[in-house]
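In what follows, chain A forms one complex with chain B and a second complex with chain C.
Then we have the complex of A and B:
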């Protein structure tokens, strides 16, 4: 069995090398048949990778411990679902997942764009290049098909990974990371072929959007996992590995916006190339961070065979993209210039600068310990205050721009027109700000700004929908609900985008509420039975301890009655689990979702003294935190609308770019 | 335009270092000697672990270098939340300051690092 897997990977390696070499030769010498055969090699590479993946899945399902990988990551008692999830639980398997998704995406993207011949001939070798690296790693550096004498039982899986989130969160992130390869390959293909018009952007718009959506959802899932399972009361800790997913997402967000400028006005061509390369390189860097453990424990760096290879590949790809962009600079000159600093284009530009600045400051923070160690021999690191500062400085203006952008006209906006469109959102913002200060929410300036800006953005989004709907109602004579549906249906990108903006507003409100206005009560002293503590108007009365035996753990639970204003609201059971096999305890938090504040009352049994029954209870009251998870659903809804195939748009694009193939469009 | 934005980014950076202050130095036990300032101590826990993080005396243990031949250990006194994964042998980071030969940890700053092999980063969250 393992032989089959190894053979399949070798075949994949051969095929992708062929796609790279033959593809490049064919593109250079314009040999159509050779180009087609390189394309076919890419399709076949997907099939052979699929075989390798199937072999590993079957081995995991059968707990075939002759596979060293299976023995290291599963055990007989591990439920089937988690055994299968071990596919991406370890380094070798997750590399295989990368390659599987990459070859799958590559085959699909090339097939969908097969008519775009002059562009695709150069996309094939670029995809081949990226796939060659991963296939090489899997064949010769880090193979999942290493065999060893089977041990009696496998090593099992870490308790915190035995969790339903493990089934969804890592594959989502990988679908996102790998997805960013497609727009990158098309961009580089466009540079190589000299077809630097907007076709590569049109061809990959949905790919970027899909990858970006997966990456976003993957991160939210991770945040929710951390929130309900890890038990420290938060959802994001600016951990290097969390940042690893955030950075390419921010770069891709900037890219998604700036390509619109290129489509509409033919500007920012160089910038878009830089952004797409940045997003791809950061996704490689993210995989590298997650897999090598270089930042978490710097010392594993020299021991991991992966780190050096990955850094080398990242360096090669960086040099490759920089050289290509530099070489094609003459072709990337924009035909138009920014006409005014008050225009739609300009707001997009500001949005881009802020997103990239945020992304790079995070990158700087992640790299900081490595850089200081290399340069000064002393590791220095930055933490939450650093990231929070830049999130405020760059994130809040970004939030505001989201409301301003859609209201500003293209090319040049007159101040009078601006005043008119800004009136309602501005009023909404001022009213919200005054109301919040009156209610005593002025305690946090960033929080107050976040809410005022959110009100502004929300009002401007509602206004956009209202304007469009009334116009359709007046012109087409449709009823209001019908007008709304057809408005969105006919302008999916625009209104899908606004829905995503609404999701970001919800996210901002949720984050601001649960961080700027949260109440944390550390256990100052232990509670005895019958004693109570208070937090933000809530009273917590400790009633006693219970213990029971779970399948693989001894569970201790405290009974805590929760009151608000004298009336009993709920009973929570925070506690601890003791896993005798792993010799490990884990916090089991208990959360009450409060519908009134759309927030949570979050209790942690920080310490339990089983003899005296004394409980050290930590309480966090986090208003509005549930909006973060609601935002996730709205985000997906908006993205799907923006992505949904649109026959009208396809026809328009086909007309626009049909002559472009014949004569280079100006 | 680009020059302007670079200047703006630089200005923000300088503002940051002025307002919030710089980074924290991470030191291993063998490097700690002579440092009296506020630092992050990175090391592996050496038993015995005694005391109580919520009592006046605090949780007491020693840490040694994660790698290398150094046999230096540093005594630590810590108050506040203790992560689930904390135990002898585990790699930890704790912020604090040396006082009278004992590294006094800041309240609630103790974080465990995961054994890098198959744990996701999330388990390191404090």
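Then we have the complex of A and C:
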């Protein structure tokens, strides 16, 4: 069956090359049937990639170890779900996932916009170009269909990847990474065609929002996976692989905001093109970081077949984007200017500068160790304090701006109006700050600022909903609940956006609470059976060890009774798993979710001496940490509202672009 | 192995047929040119976008004024220019619509590229 996989990938390669070459020729020479044929090539490429993906999935499910990829990433004892998740567990499989999603997205985006033929005709070759790179890599550089004599058993899967989160986290990230190709392709298509009106924005608005949502959810799933699986007690370590997903998400966040200024005021056309290209290039860079081996060492990068190709492609796409934007600068000049530095668009601009600054400082943090190793041969690392410093410098003002922006009117705002709208949020922030200091939370300035700013933003969001509902009630005479529903229904992007802002507030509170105010206890001496330790008002009594056999691992678990104020609250079972096939040990943490503090009591069996039964227990008490995961649900809810189709707006936009589309049709 | 190759060949044939479909459906079309929107269409689209922006801004200004985000003074200063912009865009669109109508009455195909 590997032959079928290889053949399907070769067919895909031929098709996407055709979409690139024939698409470009058709766009240049305005040949209608050739343009349609290039579009069809993208549809067919999705089908053939689907066949290749099906072949790999069947091989994984059957543990067909004649496939070198299957032998390297699975074993006979690996449960079926994890065996299938090996599709994206390795380099070749994840490249195939990239191509599968890309061709699927490309086919769907082209089909949905088939009436905008004069724009789509230029989008097809751009999509073909990106797909050609990935298809080339899969056919000639890093194929998942390499066959070899089958070993008795496979090498298995890295222990930490054997987690249900791994079934969803990587595909979510890839849906996000690849999704950013669509707005990029439409933006470049608009530049190539010289049609720099808002059509490319309208066509890709939901694509950008969906990609951004997938990236956000993917990161949160990854954070939760790290939290429950890696066993170090945290959820984000500023690891280059984590940063790889954060950077395009930040660039896309900036784009989602600045594109509103283009829609509302016709400004920032060049900036939006730069941001959409930056988000796409960072998504390529993220894939390069995670798949080239460069994160481990610059030497493993040079040995990896992927690194050079990826860097070359990123360089080509950067040059392509910069050249196109430069070429079309005359068309991108804005006729309107910023009227005041105190206006909604100005706050969006500040927000953009902070987001891009944060994104670039993270990029520098990721690049610096690679550059020093490549240029000087020195091994350097950029660690948590660097990132924390810039998170405080750029992240805290960003949080505050999230509350300020909605309170400021478009174009300009007078001091009197600002005083009126700022009063309640300011009061909320001051009262929160004073109360927190009085309660002893002044020990961490960033934590205190995060809470205070969060109070400001939360109050401004509540106020926005309250004022909007009251106005709607007054205008339409509707009851308050009905007025709220129609307010959100008529302004989905705005109020969906506010709900996303509420999610960010929850996230900020959760992060501040669980990092600035967490308690960590890690005694130097181990606990013997019956001995106890204390942490933040909790008592942990070690009762002993048990062992049992799991499907593919030998499990050892400690029994720890947890008390608060002398009362037994729960029993936790931190331990370790030994995976004989993979020859790896994993930490299996045990967590008590405390409803009182919306936080966790997190226990890690750092070391277990099976002979003496001594347990080295690490305890982390993390208040409010569960707000981070709650934020994920609120984030998805807000995003879905923001991208939910609005029939009235669809009709208006259809009417706006109908004559142009009719002209472009024949 | 042979089954895989046959399936691969079938896939390739299906792909070729799909790609060739526009040529198979219309072997000798009367017209095979993608008609580019002309300058009139581009200008019309610019005006429609400008009109929509101005109308949306007016709506938003009214709403912000009602919710107290915009003071009475700011409202008075902002509403006039916005109304003028919307009216100008609407006025500019009217003769264009008439021109389009006249053009179609006269039998000129819509969106005929310049110089044709």
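Keep in mind that, in the parts below, the second predicted complex is superposed on the first by the 640 of 666 C-alpha atoms of A that agree within 3 Å, B and C clash if a C-alpha of one lies under 4 Å from a C-alpha of the other, contacts with A are read in each partner's own complex, and residues count from 1 in each chain.
Heads up, the rule we're going with is that a contact is a pair of C-beta atoms (placed from the backbone, for glycine too) under 8 Å apart; a residue touches a chain by one contact, two chains touch by 3 or more.
As the structure is a prediction and not an experimental result, all values here were calculated from the model.
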Requested in this report: Using the superposition on chain A, decide if chain B and chain C clash or fit.
Outcome: fit
Query raised in the report: In the superposed arrangement, does A:368 touch chain B (first), chain C (second), both or neither?
Result: first
Report task. Tell me which partner A:482 touches in the superposition: chain B (first), chain C (second), both or neither. Result -> neither
Query raised in the report: Just chain B (first), just chain C (second), both, or neither: which does A:573 touch?
Result: neither
Query raised in the report: Which holds for A:224: it touches chain B only (first), chain C only (second), both, or neither?
Result: neither
Query raised in the report: Touching A:7, do we find chain B (first), chain C (second), both, or neither?
Result: second
Requested in this report: For A:616, select first, second, both or neither according to whether it touches chain B, chain C, the two together, or no partner.
Outcome: first
Query raised in the report: So, does A:234 touch the first partner chain B, the second partner chain C, both, or neither?
Result: first
Report summary line: Minimum Cα separation between chain B and chain C after superposition, in Å, equals 24
**Report entry** Residue numbers on chain C that touch chain A, as the complex places them
**Finding:** 1, 4-5, 7-9, 11-12, 14-15, 18-23, 26, 29, 31-38, 41-42, 44-46, 48-50, 52-53, 56-57, 60-61, 63-64, 66-71, 73-74, 78, 100, 110-111
Query raised in the report: Any idea which chain B residues touch chain A in the complex?
Result: 1, 5, 9, 12-13, 15-16, 19-27, 31, 40, 42, 52-54, 66-67, 80-85, 87, 91, 107-108, 113-114, 116-126
Requested in this report: In the complex, go through chain A and note every residue touching chain C.
Outcome: 1-4, 6-8, 11, 14-15, 18, 26, 30-37, 40-41, 43-45, 47-48, 51, 117-118, 121, 195, 197-198, 263-266, 407-414, 416-417, 420-421, 467-468, 470-471, 474-475, 652, 656-657, 659-660, 662-666
**Report entry** Residue ranges of chain A in contact with chain B within the complex
**Finding:** 72-73, 89-90, 157-158, 160-161, 170, 222, 225-226, 230-232, 234, 237, 239-242, 290, 293, 296-297, 299-300, 338, 349, 353, 357, 361, 368-369, 372, 378-383, 385-386, 389-390, 393-394, 522-523, 525-526, 583-587, 604, 606-607, 616, 618
